[in-house]
Amino acid sequence: MSTVQDVSAAPAVAAVPKKAMALGPLASLIILALLIVTPLFVKNFIIFQMTMWLIYAIAVLALNILTGASGQFSLGQSAFYALGAYTSAILMEHVGVNYALTLPVAGLVCFIAGFLFGLPALRLSGIYLALATFALAVAMPQLLKLGVFEHWTGGVQGLVVTKPDAPEIFASMGLKVSQDMWLYFFTLAVTIVIYLLSVNLLKSRSGRAMMAIRDNEIAASAMGVDVSLYKTLAFGVSAGITGVAGGLGAIAVQFVAPDGYTIQLAIALFLGMVVGGVGWLPGSLAGAAFIVFVPNIAEHISKGLSGAVFGVILIIIIFLLPNGARQLAYGAQSLIGKLRKH
Amino acid sequence: MELFTNQVLAGIATGAIYACMALAVVMIYQAIDHLNFAQGEMAMFSTFVAWQMMQWGMPYWGAFALTLIFSFVGGIVIERALFKPLAKAPVLTHVAGFIALFAIINSVAGLTWDFTIKQFPSPFGSSPFLGSQLISTHQAGMIGVTLVLLVLLFIFFRYTRVGLAMRAAATLPESARLVGINTSWMIALGWGMAAAIGSIAGMLIAPVVFLEPNMMGGVLIYGFAAAVVGGLSSPLGAVIGGFLVGVFENLVGTYIPGVGNELKLPIALALIITVLVVKPNGLFGRTIVKRV
Amino acid sequence: MTALLHVKDLRAYYGQVQALHGLEFDLQEGSLTTLLGANGAGKTTTLRSICNMIRSTGSIEFEGKKLDNKSTESIVRLGIAHVPQGRGTFTTMTVEENLQLGAISRKDIKAIGDDIERMYAHFPVLKQRHTQQAGTLSGGEQQMLAVARALMLRPRLMLLDEPSFGLAPLIVRDLFKILGKINREDKVSILVVEQNAQLALELADKAYVIETGRIVMSGTADEIANNEDVRKSYLGY
């Protein structure tokens, strides 16, 4: 018998069955095919937007692992995104490291940062954890502006990042691959790798440990799950992946500046997770689409009231699909199942 | 030593703002068991409505009273229209709802009244309070109103039947229904009351920070932090938390070198979180014994 | 004489799973009835259906009024008090606040104070602890508090879901004695759902046996207690 101090009554995150962590093979192939083929037929700017879409999908996926899988609430992902972005930028511009190699470093740095943040965060949960991560997100832009780091970070102005060219090999084959096109496929490859690794992580023992913690922490620890280890690991992994996304973001956007990583970004990632369906990894793609495209649509509809239009669209989505895009997928799945029976 | 005392007193004065906001936050928490992120925006909107009425010639107290009623009704309407349909949705979806509400209110306020700063009058005037250079009559008035609200809320929750019903509905909705409480309307009522209290906070804060659509941003965060430090179940804790946060903020700005305005917020929050790590339920929160 | 409670063709569902398959029974005014059955037979489901806490079809009438489309709280306000499984005590509130909550829907405010005193007379231990947080009471005390809270409604029908659960036999005996007293003196009709068949049959005057969502036996408590199948399945001899 133990006494637990608890503020909220029920677990904030509903359990997502293990099987639901991934998408069916047919659907996955179709989406993959579309992702590979579409850029060949659209303009560079659209390719750039698709690259950003994938990058945010990675960041939302990271949040899905943290919140959806291990049940820890975070409004602070923008801080890790920023950290990853700046790590890549500094390595590329000050140290001359190749862009691709900066990503693992960004990931590692953020993993460590996330793990370290996760340690004191162990004592917090629910609304208190939200507040703590919120503080982190708010602090980050200010820390990046601090004079003491200015030599490396470029202060308020930030740093310009050189966009990489497509590798020589394509030119030598006579193929003209634009920077945007190359960066898109590079990002796509990274996305696929991260997605597959994440799905594997969630299916593994570690993943199941995390989900056990999410569903009932006391029971999990009674079953011998090292709750502290897995919770901080979850933070670390999530931060690491977000850092990789941040690095890619820095390269795609071609600069980093403190005000590009405010609490708005953290909130956007959170919304992306909810719209996609919490804990449903494929939903990250849908959620990221929401983040990237809906604000533009809102502004198109009404420049003066863009915020209000955004809010209304968000409300319509959560009214129709309170459980996010996942609900749509399940609905489609059961519909197909019913049709098959006839 | 004198600097310290002065800063503490000044902190208490600014803390009154956070205390008032924190009361509204705790109010809604008592009703619905989670935090409303759009509360600051609702308070801001109410304050603009009051301002508009005064622009049309209404005297201060008339506008004040009408705004209270408008906010109360508005809170109920928002709850019925937006959050009742989401009742069965997961908590995180509710949070998305709050964020959407925030965006909508902020945007509409910006369009209706634009983003230039406006003056908002204070019923207490702004001369030095009892001759002190640190606290103005307005700030003393704020502290006074906050304390009065606190007492009223305390009486409401402890000694009235509706208050008891509301507490029951928030903590154990199913049991509450089994004693005949309409839990759905309790939630709506809680929203209405929180909106009304928030509007009072807004109207007290606006004379100090000036009226514009983004005025509540920082205040709301501190209000949340104060409510959390105080222990979310305790209106008294919220008020004390508010004063503490005000004092923290001031001391941090004064004594920690190199901390300009921008870093005050994260550092104050960090200190608050440290409090929470030590006392996870806040200073006055009730420890709920959970049997496994 | 029309029954106090008339249940007809009650089918109840948890999601896609059907738990009650056309339940039918009547409760007469003034009776003390027990509903017996094994775990999972549908006893709790029956009580929850009466208060419309789960999805169900069929007809339930209380004092001639249909309960079908009413909300739980309006059904309670008609005079049906429900002591749920696990007691549903407001653990963070004091004993006295819990009793006040029992009467929260009543309009005759002046009489409530007297009723609280009557509850303290029935259950002296509650008076002793009346300013304590309800969560600090023992299991038996919480059960008494739950019953007292239900009585504060001045119900005409009281539903009790496994009141003996987790309590020592002596305490259950005391509790059941009080229930009998309440039934006779305060004229409250009672429906007790129980796994503990022996004590329930000693207390009640009528009994029903439910198995996998259907009533399989009904009669007076004595008849049921002496029934050989019941004795083998539920009384152990």
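Observations on the model:
Order of writing sets the chain letters: A, B and C. Residues in each chain are counted from 1.
Note that a contact is a pair of C-beta atoms (placed from the backbone, for glycine too) under 8 Å apart; a residue touches a chain by one contact, two chains touch by 3 or more.
Quick caveat, the model's predicted, so the values are computed rather than measured.
Taken together, the touching pairs link the chains end to end in a line with two free ends. Relative to chain C, the most remote chain by averaged C-alpha coordinates is A.
Highest inter-chain contact count (C-beta pairs) belongs to A-B.
In this view the innermost chain, defined by its CA centroid being closest to the centroid of all protein CA atoms, is B. If you average the CA atoms of chain A and of chain B, the two centres end up 32 Å from each other. Distance between chain centres (mean CA atoms), chain B to chain C: 43 Å.
Distance between chain centres (mean CA atoms), chain A to chain C: 51 Å. Chain B has residues 171, 288-289 in contact with two or more other chains. None of the residues of chain A touches two or more other chains.
The touching residues of chain C, when paired with chain B in their complex, are 51, 53, 71-74, 76-77, 81-82, 84, 88-93, 97, 100-102, 104-105, 109, 135, 149, 153. Across the complex, chain A meets chain B through its residues 1-9, 12-14, 67, 120, 123-124, 127-128, 131-132, 134-136, 138-139, 142-143, 145, 218, 222, 267, 270-271, 273-275, 278, 304-312, 314-315, 318-319, 322-324. Of all the residues in chain B, the ones that touch chain A in their complex are 33-35, 82, 85-86, 88-93, 95-97, 99-104, 106-108, 110-111, 171, 221, 224-225, 228, 232, 262-263, 265-267, 269-270, 272-273, 276-277, 280-281, 285, 287-292. Interface of chain B with chain C (complex): residues 161, 164-165, 167-168, 171-172, 174-183, 286, 288-289.
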